[in-house]
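Per-chain residue numbering starts at 1, and chain names A, B, C and D are given in the order in which the chains are listed.
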Amino acid sequence: MQLGIVGLGRMGGNMRERLRAAGHEVVGYDQSPEVTDVASLAELAEKLTAPRAVWVMVPAAVTEATIDGLAEVLSPGDIIIDGGNSRFSDDGPRAERLDRQGIGYLDVGVSGGVWGRENGYALMVGGDQEHVARLMPIFESLKPAGEFGFVHAGPVGAGHYAKMVHNGIEYGLMHAYAEGYELLAKSELVTNVPGVFKSWREGTVVRSWLLDLLDRALEEDPELSSLRGYAEDTGEGRWTVDEAVRLAVPMNVIAAALFARFASRQDDSPAMKAVAALRFQFGGHAIHKN
Amino acid sequence: MQLGIVGLGRMGGNMRERLRAAGHEVVGYDQSPEVTDVASLAELAEKLTAPRAVWVMVPAAVTEATIDGLAEVLSPGDIIIDGGNSRFSDDGPRAERLDRQGIGYLDVGVSGGVWGRENGYALMVGGDQEHVARLMPIFESLKPAGEFGFVHAGPVGAGHYAKMVHNGIEYGLMHAYAEGYELLAKSELVTNVPGVFKSWREGTVVRSWLLDLLDRALEEDPELSSLRGYAEDTGEGRWTVDEAVRLAVPMNVIAAALFARFASRQDDSPAMKAVAALRFQFGGHAIHKN
Amino acid sequence: MQLGIVGLGRMGGNMRERLRAAGHEVVGYDQSPEVTDVASLAELAEKLTAPRAVWVMVPAAVTEATIDGLAEVLSPGDIIIDGGNSRFSDDGPRAERLDRQGIGYLDVGVSGGVWGRENGYALMVGGDQEHVARLMPIFESLKPAGEFGFVHAGPVGAGHYAKMVHNGIEYGLMHAYAEGYELLAKSELVTNVPGVFKSWREGTVVRSWLLDLLDRALEEDPELSSLRGYAEDTGEGRWTVDEAVRLAVPMNVIAAALFARFASRQDDSPAMKAVAALRFQFGGHAIHKN
Amino acid sequence: MQLGIVGLGRMGGNMRERLRAAGHEVVGYDQSPEVTDVASLAELAEKLTAPRAVWVMVPAAVTEATIDGLAEVLSPGDIIIDGGNSRFSDDGPRAERLDRQGIGYLDVGVSGGVWGRENGYALMVGGDQEHVARLMPIFESLKPAGEFGFVHAGPVGAGHYAKMVHNGIEYGLMHAYAEGYELLAKSELVTNVPGVFKSWREGTVVRSWLLDLLDRALEEDPELSSLRGYAEDTGEGRWTVDEAVRLAVPMNVIAAALFARFASRQDDSPAMKAVAALRFQFGGHAIHKN
């Protein structure tokens, strides 16, 4: 089928390729002249036959503006799909706004990273059944080949919600492996730490795709000595904890994984300065001066 | 090759079957007359040709006594393999004791649970290279078919150490999924929670064997309504946190997963009674009386 | 000086008494005829000489509506003080709205609970210096007698912000004592748990007002056996964690204290159901059925 | 009464002074010739009239050897008091050993730090009632003047156990303030952070001695800019978490405070290296190279 894609970065560009390889007619728009198929959103709309479907795959910070611009050139009956990392709570208001123009809306959480073009992208979709049905040919081509990798999770917002929780879980999983790695690396007994991780890839309870990747990383750099222990966080982890707080869900594991990322980006910890100050005040304990 | 197995419960019994299917000659001893091949440890020793190898697969609580009894009927040059859930710190002293009798010792962390007989058992081995080499035919048959699932992790103790960390990571992984599950289950937006977990099995960052199992559990009981939120812990999780404390490894994620299991077994929380008492004292906040 | 108070519950009523005892002329309004001094907000405004100052001390849920109603009967030059548990992020927009009518606004975080009438209330104030100066006679009479208990924390919003953090810290402090209590209560060695807490009230690093209260609670009920381990949370704890997430502050301690309150209100833990389900799937571990 | 003290460092030396000021006859022994009263343990024993009482106040690492040496010069009927930071689990075996020589044993957890000489030391005592009774004149003089600051917590070991839990709680309390400090320090609204802490010293729920000390520290250095966020831990915090693990007490708050100290001493986090490695592997996320 025909699809417009707005945003042809690492994700959008790869998705265009995967869809074209599957026989779809894709018209892509991007600010960068090197990758775009058309010169403007208006031209994008022109090249597509109504009722159109346009997939927006841009950084979260510009999603709102992009969709607003897109809505100006689309017509009643068209559908906009937001495949970016939007906060689920933005989806409802956005869908209502578009609905007043007769434009449909689907929110899609997309997982798969740089591996997606080859292996397929996992898709978590929120929106009306009718809109989902219209996009199914696209979803079928984007998703992995097997029986999994696609879910219609609920009404508008549910796709991004599911993706948010996916990422929250991802934070927790990664940090569980990471703590185990640190313990093994400090152990006096285990002399073959990369070998231990590699061995776990089959037959164990902890086998997973993340473990496969960790094995790969340890093959390249057995002590991870080329890396700094520094990690950004990308919104979904924070929103997951915010939601846990809102819905009164105890979430020590995922929150701890998030907080560890915060700490990884600090040159010094103001909290630990306060602890050091207190220890000095009551016990005369040695302090480390700047 | 020939192998003695002491302990023919769920694990030991299945291992005997897997080894026999692979062509090994296995003599098993168990207290239960229905499953044992021989009437006593002495008979077990008799049935095996020296130098013998005997695999002990008994509950941690009786491992020490079992190995002591076994040492009495074995001869210099024999090897004892402890495949149970022993604490790594018991391995060194045990190996030294056996070494004084000329008996070798290997500690093997075994993962695979009820799935091991069919899929193979992941093996993490600690001990001398010479002893490991002698047992390799057995290890080869027990481990999964692929290139992973076996590691010689280091000297005596390293096998149980690696298994301990494996289980600590397992606690963290499970709890990350569990927190995500609870959030999805409470979400007003996601109407198809089991579908979301199922979809994650391909193309996502969080795909894993544990996820496959969670999908299976949700297929059987989509709201897990037949279960109580109660979980035992089996030693390794606690030892992992103890080791983190000893080696000064920050371990908030795995510790939180362990603490959640502790809490799951409490009818009421003494700590929260203290919080309730304080809130009543300073604020006259409503308390719930027993 | 003259002051209006809207809301004469436990807090507002006691504050009226404390202010009158200090010689101020206080006119109070409350929906309840038994405690109110006037029949309506309009009458309240009438009884006060402009420029008026009216202190709002109502539940957070009705603060916005109360202030809107009050603004209708006040005049340019008057000041509204919100002493309730408002979220700091509501203060700015509210102050702007009032400013368009020429009405000033102060946000005041108030601590002291049921003990405040006698000991004084700690006050954390946000707003313009000019408005703070006008209210100083009131603040002076409400606050405790000593040199502490009052701060002008910053511009509008800073008072509630400081109070929010105060409460977040309070959660952490309470839970630290609570965990220590639980450990002592389970110890086989310490036979005099209430005596230990009592002894700590002098000479130790952990002495505090909360400890005094815990001693009091343990005097009344040495094993806290009359209480259930159940605790509500009141907004500020959640907002503190939300702010930590927003500002990338690692906050494991306060978050854990908050999560423990969430857990205390659950009959069963959905997360632990998922853990139990997983353990059953991979290990055939016993599960507790509902 | 008469008392021997072994170890005249910051704590032991101050205690000698406080006891002498109270009229006791104190004979002190220390390796350092500048502070010792006698040349050897033998001379210490000689200078005291049997039945003797000798208080050992030496670093935990040398406590065992010191007590062994002392036992050689003491006689049946004498009492040894260990006031150092021993692990409670060492007390029982030690007391049994001494009991075979007819020597009594008390374990005393001492709190008060550098402030103790003036304000008194809080004492948590474990041991037989008979031995406690004999030492009461000493305890009375060491403890603070008020009605608190002393407890006979239980049999041998209970004193150090109570002190251990005291320190565990202390870790949690300090970190709660520390997290609140960091949040306030990062807030855009609160412009007077030291003023906020100072104001809390009266009328609030969070008032405490630690808060007084934090105010003092912030007076000296309002942004704690002279300090590094680095803190040692001294055994008791670790033992508290170990005990929580042993007794199945959920202890997220105190454990998190301990883990934060561990992290404060790391130049880089091996766990976060693993997280960074994983993020790079699956998402091509930017990594920070060493």
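Criterion: a contact is a pair of C-beta atoms (placed from the backbone, for glycine too) under 8 Å apart; a residue touches a chain by one contact, two chains touch by 3 or more.
Predicted model, so just to flag it, every value in this text is computed and none were measured.
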Which chain's centre, taken as the mean of its Cα atoms, is farthest from the centre of chain A? D
Weigh A-C against A-D on C-beta contact pairs and write down the one with more. A-D
Please report how many Å separate the Cα centroid of chain A from that of chain C, as a whole number. 37
Rounded to the nearest Å, the gap separating the Cα centres of chain C and chain D is 33
Report the inter-centroid distance (CA atoms only) between chain A and chain D in whole Å. 47
Residues of chain A touching at least two other chains: 113, 175, 177, 179, 182, 186, 205, 209-210, 244, 249-252, 256, 259-260, 263, 269, 271, 282
Line, ring, star, complete or other: which describes how these chains touch one another? complete
Could you please specify the touching residues of chain D with respect to chain B in the complex? 205, 238, 241-242, 244-246, 248-252, 255-256, 258-260, 262-263, 265-266, 269, 271, 282
Residues on chain A engaged by chain B in the complex (per definition of touch): 88, 111-113, 116, 119-124, 126, 143-144, 146-155, 157-158, 161-162, 165-173, 175-177, 179-180, 182-184, 186-187, 189-192, 195-196, 198-211, 240, 243-244, 247, 249-254, 256-257, 259-260
What residues of chain D sit close enough to touch chain A in their complex? 10, 113-115, 174-175, 177-179, 181-182, 185-186, 209-210, 213-214, 216-218, 221, 224-232, 252, 256, 260-261, 263-264, 268-290
